[in-house]
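We call the chains A, B, C and D, going by the order they appear; numbering starts again at 1 in every chain.
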Amino acid sequence: MSDLPMLPVRVTVKAVVEETPSVRTFYFEPGIPSSPGQFVMVWVPGVDEVPMALSSATSITVQQVGDATTAMFCLKPGDALGIRGPLGNGFTVSGKTLAIGGGVGAAPLLHLAVEGKVSTFLLGARTADELLFAPVINASSNLKIATDDGTAGHHGVVTDLMDEIDLEAYDHICVCGPEIMMLKVLERLHAAGVADRGQFSLHRYMKCGIGVCGSCATDPHGLRVCRDGPVFTGADLLESEFGRYARDATGSKVVFPWAKKAEE
Amino acid sequence: MISLQPGEITVGGVALHNHLLLAAGVLGTTGASLRRMLRLGAGGVVTKSIGPEPNPGHHGPCLVRTEGGLLNAMGLPNPSKEFVGEIEPLKDEPVVVSVYGKDPEDFKEVAGWFAGTGTARGFELNVSCPHAAGYGAAIGTDPEMVLECTRAVASHGLPVWVKLTPNVTDITTIGLAAEKGGASAIVAVNTVRGMRISTEMRRPVLGYRSGGLSGKAIFPIAVKCVWDLYEACSIPIVGCGGISTADDVVEMMMAGAQAVEVGSAVIDEVRVFEQIARGLYAADGVAAEEIVGVAHRV
Amino acid sequence: MISLQPGEITVGGVALHNHLLLAAGVLGTTGASLRRMLRLGAGGVVTKSIGPEPNPGHHGPCLVRTEGGLLNAMGLPNPSKEFVGEIEPLKDEPVVVSVYGKDPEDFKEVAGWFAGTGTARGFELNVSCPHAAGYGAAIGTDPEMVLECTRAVASHGLPVWVKLTPNVTDITTIGLAAEKGGASAIVAVNTVRGMRISTEMRRPVLGYRSGGLSGKAIFPIAVKCVWDLYEACSIPIVGCGGISTADDVVEMMMAGAQAVEVGSAVIDEVRVFEQIARGLYAADGVAAEEIVGVAHRV
Amino acid sequence: MSDLPMLPVRVTVKAVVEETPSVRTFYFEPGIPSSPGQFVMVWVPGVDEVPMALSSATSITVQQVGDATTAMFCLKPGDALGIRGPLGNGFTVSGKTLAIGGGVGAAPLLHLAVEGKVSTFLLGARTADELLFAPVINASSNLKIATDDGTAGHHGVVTDLMDEIDLEAYDHICVCGPEIMMLKVLERLHAAGVADRGQFSLHRYMKCGIGVCGSCATDPHGLRVCRDGPVFTGADLLESEFGRYARDATGSKVVFPWAKKAEE
């Protein structure tokens, strides 16, 4: 455990970049030596501590959804955050890698792409304005875009882009995005018989971030997203709770809307 | 090193696969997590403490590592009654359900959900959590309250373990109250009151400000509590606090514990139960009775 | 890291060279040892606790290292009145004399030896040692007794610091009693009750069986005690327990301490005061007042 | 501090050798890796814990003087002791070394001699029966003996033997024995201008053995015999309490009989 963080370390916000109307990247110092896919617990003093992927060793990219993220949106350069990390296992890649990102899920994949480890990157968003990091990703990998409304790239969802891809040609397929999107990707990988090449970065409710409290335990094997993940292989996720339900802060199951019928 | 005979045992009315239980609140929020710990060698598991209403717990940070320990203020997050379904698949396993509440009625009600469905082999009363205003240690520092809560839950007819806080002037007064209330065992101890401040942020690091210290740092404190309770009480004691090795288990037993609970040590290794068992058990080992309390008899 | 202004200070009526005192009972049994610690950078020293009769202390083992701490049951060895001569050569130095006894008369008598000879800048009342039957914590868990002992020693007209035990249900009740009795400061905390058993020998490892835990392991416990006392009391607080770095000092101050005592950390390095001071003081540092209790004001 | 011992380690007595009527050597297992001059705290269960020099890595040589040592004299092979150690600094030698031992003080010097580090060994005792380790020492160094009653070697005290010795010829002079004897040696070294070559192993009352409690602090510099010693150079001891007084368990000064007049 000696490599697990102790008290949060104070970092100073150096720059805030408005990526889209609801997503901002916060650059901070000092950086957190880490590998792509690892995350940190971000302490917003007086508010809460929440998990965030590192979009680089010196940044997190945040979508505003509630209390803590709204408080972060008030941060200016010079303000402080507490960081515990790096945490979790990150992506393990070698050879040829396909990345598939949707929404703010592009953050950990950006980290991977910037390190030159992504051959092809499928990036999705609702609309052109919400596409994250497209220019930067384009500089280091073969970028393909999809938007729901067709304002950029393919008109449709990011999984559509997989039609043009020879999945067999990739050693690793790294995926992060809304759970419904990741579920669709997993279904395609499974159908193509390459679920084991998929590396999916999961979001689950986290409290301790270091594998003790059990908040992030998943069914049916009790694997902890914070410590045994957040990256799991597609094979691990088949026949798991993935795509069906998650848990809230109380530990109660929250069934995803699209899965409601099946669970009843 | 002393070795123990492997095999099933019964402690405080609960049958267990071995002497090592998972402590409450550690990897115990879902049925699957509890099952994992049983598969990884726990002889029994204590669930996350369940209360009368669903509770999201305190704001973060909820847990930080400190020198030789962990400091947490989870704030008793739990799904309340929904948890019954969570552990239904574990009906054949040694599951002790940890319960909390603000008064004897709360305790009785919550325990009743489980007693009624056969999902609990016994109950552990959390009258000792140091970071939940009105709950936990707020009750566990008052012998009369402890007696009443114990009696209320005991009325369900299942074994009742009462888990004590070390944050009292004299823990034996509380242990005796539990005994008088009809407890089948005492669990000693819950976390020790503590706090850390981030000097960089100039504020307490936990969202709740203060919390409870666990892990190796508190092991000598826990041993002393078990020792004192063994001198004062006649019901079995389950030792808890900072245990991470087979030798720690033996030490707790020599202080007077018949079994132990292990919590924070999962941070080093989720397979901690297997690890401990490997060092603790041997076919030619002695019966636990031969070492329980032996340090008192010199 | 925050730095403090160097220079003389006054805390609880006692003038000190800096914010770092040597804690009672650690390298404090002779005048020469106390002088050494002053030369090595202590801003003040607290003597070994002195009682009404010479006392050889408990049989050994008296002290063992444990995970992140020390466990001791010295048993208050001290030469009693003879100690006056021991510290006479230190008359010009910031020496606080620690005193113990079984009742207010004992405390008053012992303090009187030093008050009469000008060898003490102030007194620290040890009402908190956990391993001396009838002394120490036996007194420090009773608010009325603490009040009376404080009042008795205060009658000598020198500052009285009262050192508290963390082994109570609510430390603020004892802090308030000290304040009411006329204390100039509260020292928090003495050691935490603890025990270790040698599994190889099948018996408690300390000669006295149980003892007091100190060192890094108890730092979060001490911070919490200081925090609670700062909320409840108005007299200055001196923090003690597990301090070993400049950052620990700042943390204690943010919890509410105006100065600190350092004991067990001498085991790592007898020059611990110089080491801490090097990290703590800077010409452009802030005044201590700017950080004392600051974590309460967020 | 990580090299300081934690809880006592249990050792088993393997053999008890009656060296003299009042001195026994206890051989134990497992041994304590250590260098000559280091000591251990010996826990006699139910009685006390007392400091003892290691006469080898697997033995202590004990003179019966009180409770703990009397309890030790009841030990038989198979019995257990608790050991914390090795503690303290030991002797530091190189080149040519003279050892001067009296009574049970020969124990740590034996350890040194057996390692082949002593050229000349001056050994004293009251009477021939009480000479410790003479045959063993003789095998590894040039042994000279003195007894108070003349039953062996020189008739007189061990310091008399120094008359025949060219102190200047030795790089180190290691000394252990009754304080009066060590004091006489120091006076001679001082007179010869070689006090700094002397290494004296002191006995003082010890409780913690690891430099925390202060029981063994010496005047006037507050040096701890357990941690800063037990071996001090002769130069360190000049103008110290050495030879004048020590302290008992309460911390009270106990003036040595021969020093009583001077201290008053």
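Assume contacts are C-beta pairs under 8 Å (C-beta built on N, C-alpha and C of every residue); 3 or more make two chains touch, one makes a residue touch a chain.
What you are looking at is a predicted structure, and each value in this text was computed from that prediction instead of being measured.
Engineer: Can you work out the whole-Å distance between the CA centroids of subunit A and subunit C?
Structural biologist: 51
Engineer: Using the average of all C-alpha atoms in each chain as its centre, how far is it in Å between subunit A and subunit B?
Structural biologist: One centre to the other, that is 35 Å.
Engineer: Provide the C-alpha centroid distance between subunit A and subunit D, rounded to the nearest whole angstrom.
Structural biologist: 67
Engineer: Among the residues of subunit D, pick out those that touch two or more other chains and give their numbers.
Structural biologist: As it turns out, subunit D has residues touching two or more other chains at 45-46.
Engineer: On subunit C, where are the residues touching two or more other chains?
Structural biologist: Residues 66-67, 196, 203, 298 of subunit C touch two or more partner chains.
Engineer: Drawing the touching chains as a network, do you get a line, a ring, a star, a complete graph or other?
Structural biologist: Its topology is that of a line.
Engineer: Could you please write down every pair of chains that are in touch?
Structural biologist: A-B, B-C, C-D
Engineer: Considering the complex alone, what residue numbers of subunit B touch subunit C?
Structural biologist: The touching residues are 1-2, 66-69, 71, 141, 167-169, 192-197, 199, 202-204, 209-210, 213, 216-221, 223-224, 227, 242, 247, 250-251, 254-255, 291, 294-295, 298.
Engineer: Which stretch or stretches of subunit A touch subunit B in the complex?
Structural biologist: 1, 4-10, 41, 43, 45-50, 80, 82, 84, 207-215, 217-224, 227, 247-253
Engineer: Spell out the residues on subunit B that touch subunit A in their complex, using ranges where they run on.
Structural biologist: 25-37, 48, 54-57, 59-67, 70, 72, 74, 77-80, 82-83, 86, 196, 198, 200-201, 203, 205, 207, 263-264, 266-268, 270
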